[in-house]
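Report on one structure; see the data block that follows.
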């Protein structure tokens, strides 16, 4: 650190602009978002990656390409306001069914959440395929097992979900604060039932057990009780 | 055209910077370089794509990513001086084949030695590739040609060989007594068993001629007779 | 659809255009009810749609009014002999119960959940479902990767340069040398040991062939050595033939005689052996 401070004293601008060039090159070339540790690993020792990134973010703020933070990692994305010019309908995901979209929203806002809890919220049993579709797209994943009788699988969203919707963290989900404030994210009706709000880190909550080897193999949900298909 | 000129007159900078943003986003998102016609197609009518591109090129000239023209099309490329960022070095641990190790050892002790002599010492014919591998690694070299019929090439070891095996000089190679002492050689070898003591200097021996110009060119050993692969 | 009764209501689509047309009662007269539960995902979904028809903030809906609408809806469906799934009927029974408790306040048992709380719980469930639907819609309204915003279209690949690092050390080298040289020596020794020999078996076979023709004493070993094999083999031939002749003598096939020590040895076929 002392070394870096000395360097900065000599030609601080040249130093920073070199570091910005390096990070810019790395982020442009990468096919996936990079985290600060990866980026810092390519910078001279003692570089302040935060400063570099914030300078770069500012540089690109008004451009056609912006520096974005996705799932805690950094990446360049085309500017959102140019969407109308670049929009490619053809690439769009096959439209989700209303049921699938509700599942996705419930999982996003209530995670970790079990299938039974999703059914509770929707007031209807889930058709077998709905979760599979979301798992297949890669927007949700099985997180663990709830420590309750039957040890049901808990679901959560993935980094791919955050990337798809341009979110840096689950707390950035639209309306998250309002929903939380209104108590609408409480899983169960008794208001004193304390349900953790969606968490960004992948650590299991105290009432989750890790998945076992078998859980990660297809076929999915084999051990969940069969339910009749929903009518919609 | 008239309309566009009017617009330019109103706020020419805003106009240009918008066009630059669009081109920037298009080039960023494109999976292949784009030509000027494709780019102009996404700009407001009357835009001057050349101006936009040259302004953009200048903007990126000093950055970590440059706007490059490749085969008449435009694309972003990592700045050349930063291309090292896209390289990773990986080290592959390898071991020589048994045959190659024997060749190397025989060349080390018996140099200058011809291929025929190596075969005689090993008691099997050599495959053509073995010496090539050692030449390629850089542990052996062609020294000269033996003054015998056919004028076969003589081989010797290199400095790289000494470095690899931690030897200061060829004379550091253990002799017969040391090998016996270390248990590597049987104590009761036939009395006529002998091991040469390699000399350190690189000068040609009296029965060696220098290599000619042609010998240093690949393909190697063209003039040696083909031999069948060894069986050992 | 047998039970379809359409009115002037515009067919209603979900905001995202998805799902079947859902025809629902609005605030109009009961006769205008349109019965089609096919489009609903269960009673909660139907209730939510009815609640939305109250055209008030979902947090301010009247559960009592909602219960009445639902029951009316179910009644109409039953009059038209539509088959309703069991959960619709269960919900109807529960709402009828709730309605009665809301309308006819009684002295609440201490063990009973107050009717107002039951109503609040239902309201909460409806709000929560509505919130999740809105959240889903908001999510979908966001700029999406690959549709509205784009990542780098042509990421530049990492070039991995592999350098080979040979793990061979001096011990490997010396071992290879020593073992190969030693092997070559052993190989040579084998050749030395493979001395020209004439085995006892060979000698016996030769003797048997010869004595078949000879009735007289003769130095057959000498003859064999002289005529049948190379000069190098002679010592071996003599030794083997001697052994073989002893064997044959013991078997009674031939006779041996020697006049004095170190003199020639004669053999002949034993007469009675033929």
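Going by the order they are written in, the chains are A, B and C; count residues from 1 in each one.
Convention: a residue touches a chain if its C-beta (ideal position, glycine included) is under 8 Å from a C-beta of that chain, and two chains touch if they have at least 3 such contacts.
Note that the coordinates shown come from a computational prediction; the quantities given were computed from them, not determined experimentally.
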Notebook entry, point to check: Considering only which chains touch which, how would you classify the arrangement: line, ring, star, complete or other?
Noted result: complete
Check: Centre-to-centre on C-alpha atoms, which chain is most distant from chain C?
Finding: B
Check: What is the distance, in whole Å, between the centres of chain A and chain B, each centre taken as the mean of its C-alpha atoms?
Finding: 43
Next item on the list: Go ahead and note the Å separation of the Cα centroids belonging to chain A and chain C.
Entry: 29
Item checked: Mean-CA-position distance for chain C and chain B (Å) -> 39
Item checked: Junction residues of chain C - those touching two or more other chains -> 150-152, 156, 158
Next item on the list: Find every residue in chain B that makes contact with two or more other chains and list them.
Entry: 25, 28-29, 76, 78, 86
Notebook entry, point to check: Inside the complex, what are the residues of chain B that reach chain C?
Noted result: 25, 28-32, 75-78, 86-96, 98, 101-102, 104-106, 108-109, 121-123, 137, 164-167, 173-174, 179, 182, 184-186, 189-190, 193, 195
Item checked: In the complex, chain C residues that touch chain B -> 150-154, 156-170, 172-185, 187-189
Next item on the list: Name, in rising order, each residue of chain A that touches chain B in their complex.
Entry: 17, 20-26, 28-29, 42, 62-65, 76, 78-79, 82, 85-86
Checklist line | chain A-touching residues of chain C, taken from the complex the two chains share | finding: 14, 16, 18-20, 38-45, 85, 87, 121, 124-125, 127-129, 131-140, 142-152, 155-156, 158
